[in-house]
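Alright, structures below, take your time with them.
Each of the next two complexes has chain A plus one more chain, namely chain B in the first and chain C in the second.
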Partner chain A sequence: MALGEASISPRLHLAEQTRWRTPEILFWLATLTPYFLFPNYLSLASQIAIAALFALSLDLILGYAGIVSLGHAAFFGIGAYTAGLLSKYGWGEPLSGLVVAAFAAGVVGYATSFVICRFRHLALIMLTLGFGLLLAELANTLGWITGGMDGLQGIHTWKLLGTFPFDLYGRAAYAYALVVLFILFLFARRLIHSPFGLSLRGIRENFVRMPAIGAPSRGHIRTIYTIAACIAGVAGALLAQTTETVSLDSLGFERSAEIVVMLVLGGAGRLYGGIVGATIYVVARDQFSGVVPQYWYFWIGILLVAVVVFLPNGIVGGLTQLAARWGRK
Partner chain B sequence: MTAPALATRGLAKAFGSLVVANDIEIELPKGVRYALIGPNGAGKTTLINLITGMLQPGAGRIFLDDTDITALPPEQRVRRGLVRTYQINSLFPHLTALESVTLAVCERTRAARIWWRQLNAYPHEIEEAHDILVALKLGAVCHRLTRELAYGQQRLLEIALALATRPKVLLLDEPAAGVPREESQELFAVIAGLSSDITVLFIEHDMELVFRFASRIIVMVGGRVLMQGPPHEIANDPQVRSVYLGKAPLVPHGPRHG
Partner chain C sequence: MLPPVFGVLFDGLAYGMLLFLLSVGQSVTLGMMNFINLAHCSFGMLGGYLTVSLMSRYGWPFFATLPCAFIVAAIVSVGLERTLFRRLYRASELDQVLLTIGIVFISVAIAAYVFGTDQQPLQLPHYLRSSLTFMGIRFAVYRLILIGLALAITVALVLGLDYTRFGARVRAAVDNERMARGLGIDVDRTFAITFALGSGLAGLGGALSVEIVGLDPSFAFTYLIYVLIVVSVGGLGSISGSLAAAIVLGISDVAGKYYIPQLGAFLIYLVMISLLMWRPLGLLGKR
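Showing the complex of A and B:
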């Protein structure tokens, strides 16, 4: 075995990790099935795609760089309000709305990253939580812009590419959210397989050692924090554009917390974890809260405890391990 | 005379009333192999922490190639060629050996800033990392996760990470700590085989290894430099014998300890 390992060129061995595998291709094909199997649930499917994109952005900082954030909804909310306000005041073109929203969230992400990069662990969690609460309160206070408790009304999203209207059934909305998710997933996949992505894993694995090999960890953290903020902003903008409303809870603490839960359920640090976690979470919420709303947290609580105790790498981590065991047989 | 590779002037550090470094003046000429010895608690690791910037000195200055680096953060000292290893392994458990060293190489070449191109696009970095691992006899296990490597291999990986930064001055904090006797001989053979452009300072408790591999020795006691000089002078100095060598036989036997 040692001989076999050594005989492969080291570059090819690393290249092998970036190869597309069958389960991945099947996974993305499966994202198309709602059109055939659940045509009445396309709005739910686009909610899932948006949550998945949001979870993916959190995975880049939490799963890959080890930055635990309890205020990530701040960037989601900034993106949502930016796209919403843009549309309300006359520019409802969706794609350019995404770009502006990403930029707005990115600017705030970049500015806060200078503080974020200096802290770790509990201090970092409290910092992100604090930033999130600050922004939520700010949005509440600036009711004349944000609509306050009533939410932002009067958003009208133009036709997608000037051709496809956002209908009541969510056909265009799901296609739109899914394509944006897929493109940004490709982007994230490339990023984590880049030299920069390797450095992020280094930061997660051993933050203290990084300066001793000459790594500017703080600079790396600033970069990834800004990128993650941009992607979260896009997710928020997608929600604003497809639902044509933005409410204060889009940047609230609860949204920050639930996105961490989704990521942990699915498995942090493995790209697909956020997507799988978001699917389970959003579907479960839809099914359970329809019956008895207060029981919903009971079930998600049980699921969260079970996953953390029995599947420390999340559901995707557990499945990967299972697949590896099968492969060895 | 050329400038020393590394020099300290009046370096001092105290934690409250506990003085851990007191007026330390050392000069390492280019290319020498220095040993830093002294009883436990003498301040050897503290000195490495001060020189590499992991600790801020209370007073004094540090010069690398005659440039004052006292105010530089640790990673910038590394970029200028001042690199250390750790007495207790400080590695990346879930990266493979090759990924770990490639990471260090990419940080040096600044490829690590690139997030829009895949790692495969950097064959030179990967090849260089692989070459370093092969030179340290880790070629066959380069695709294993760090945490799955044998302890001795992890000690070598510590050195490999440091070499990937292309050091001018290499500070090795007990490179053979916890390694069985026979293996530590091999480990020191690797260190002795390093390019003569690299100035090496190593902390080591095994006097046999010290006298075999060091061309000069610095003795520290209680946060001070007691004496420095070539091995035979150190070995015959009555003061050194009384404070340090007297407590342990010149060539110790029995189990090693960190």
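Showing the complex of A and C:
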């Protein structure tokens, strides 16, 4: 490996990591194949892209900054309800809806980040869980705004860019979700291969020592938490706009747990982990849960135990290891 | 005549005692090994289902099923501890959370598969369903027994922890695990026994809770959140802290549902977040 030359200077090391490799290009070309191979599954494909974006946002805080959050769905839900309400009360333009949703989720993320950055370990897990539960309960209580248990009805999304309508087959929906995912992925990729991204990984490894080499741990955590909240908000808004409905479970505990499962299944702390995990999870759920939903929970449980015991770095981590072993031979 | 506030206090106390039984084991094991076991309530659920099926299918009397719930939950938990959990004592919190949440998912699925997703019926003997009236307040006999039982267990736990050799080992391991090992205490074995006791108490709590809160497969998730609140607010490894937190939580939950039902569980979560921000190690947490 070129590790020797790459570690000459930090700048070269980062430049080496930012280089696009063939598997990456092939991966993104493969995301276009649903249009040719599975034209009947485009709405499922758009759900995968949305889940992948949500998992990517969690990866930024969980995988890179080491903040274990059991309440990340809060931001997803805020984004979904913002976009949904905006569209219900007369402004159904999708792109500006995304921006407003990202802003709303970001504001809440920024406000809570002041608490989040002060705690670690169990207290942190409990606080993220508590904020998530609090928000879900609030949405349930404010039924006159959110529609309560029935969900938010009467959303109508306008044509994308004024030309492409969102139809039942999900052609526009998938393209829309995929392009947004790709743009935000590029942003996240740039972010974590920057000096800021490196210091995040440093904070994950040692929260106390990073300030000693000039990286303010709390400030960095506030920044990345806000960014992750914005991206999660965009993912929620995408779901609201493409399915034209928002339900209470978009910000519930189950959604938060589910996204952690997807990310860890794929591999936390790896850019493609969330995307791979979301793809496998959503496809498997689509195949299994048709029969009896309880079986699905059983398999998810088995999967979780197996990943923790046998595959500590997720599927992407396992594949990378295999590739490295194969490359050495 | 006493105003209805006493009735609310009484119900809240009974509910708090239930939460205490469900969570005290979690508090001690978390304090000892720093192992986050989200599957703790699955053992409670096991105890609940055991009691219900022993009573309805085999006609066991209610009180005979309680020791059974305790023992079976303890045995199952030690089996899991020896095979799965012990690998993760040094692992990251994330891995612990994931593994144990996986076990919750599996237990929920198995419960739904075997017993269905309906609420389980429980036929208590007549004398347990009656109530006494004292100064205008109705005291349900079942709740009185529940409070008495929980108080007896608390006293036994506190005395056992303070005055027995085993209790001294547990306290040493909670305070400083490495030092305890250095002194020749078999922390792994002590932990396994504590874990079994704690899970057994959860099983007992689960069995006792069927009458009050009902039982369906979502039990393991619903009460997981309550247990985590009790543990994190009460402070790790502290029995009296857990008791205080469980009683406060029980009373405020019942009172909240009675006086301001439209707020739902909102109040509980708000109280928990503010308490955690004020004292991240819990009300009576040391360290």
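One rule holds in what follows: the second predicted complex is superposed on the first by the 315 of 329 C-alpha atoms of A that agree within 3 Å, B and C clash if a C-alpha of one lies under 4 Å from a C-alpha of the other, contacts with A are read in each partner's own complex, and residues count from 1 in each chain.
Operating definition for what follows: a contact is a pair of C-beta atoms (placed from the backbone, for glycine too) under 8 Å apart; a residue touches a chain by one contact, two chains touch by 3 or more.
This one's a predicted model, so the numbers in the text were calculated from it and none came from an experiment.
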Give one of first, second, both or neither to describe whether A:Arg11 is in contact with chain B, with chain C, with both, or with none.
first
Touch test for A:Glu205: chain B only (first), chain C only (second), both, or neither?
first
Can A:Leu127 be said to touch chain B (first), chain C (second), both, or neither?
second
With both complexes overlaid on chain A, does A:Ser87 touch chain B (first), chain C (second), both or neither?
neither
Which of the two partners, first being chain B and second being chain C, lies in contact with A:Gly214: first, second, both, or neither?
first
Applying the touch criterion given at the start, work out whether A:Asn313 contacts chain B, chain C, both or neither, answering first, second, both or neither.
neither
Which holds for A:Leu304: it touches chain B only (first), chain C only (second), both, or neither?
second
Following superposition on chain A, which residues of chain A contact chain B and also contact chain C?
none
Okay, in this complex, where on chain C does chain A touch?
30, 36, 84, 87-88, 91, 93-95, 97-99, 101-110, 112-113, 117, 217, 221, 225, 228-229, 232, 236, 262-266, 269-270, 272-273, 276-277, 280-281
Of chain A, residues touching chain B in the complex
2-3, 5-6, 8, 10-11, 13-15, 18, 190-191, 193-199, 201-202, 205-206, 208-217, 219-220, 223, 227
In their complex, what parts of chain A are in touch with chain C?
62, 68, 70, 115, 119, 121-123, 125-127, 129-131, 133-134, 137-138, 140-141, 253, 257, 260-261, 264, 268, 294-298, 300-305, 307-309, 312
List the residues on chain B that touch chain A in their complex, please.
52, 54, 73-75, 78-79, 83-84, 86, 90-95, 98-100, 102-104, 106-108, 111-120, 122-123, 125-127, 129-130, 139-144, 161-162, 164-165
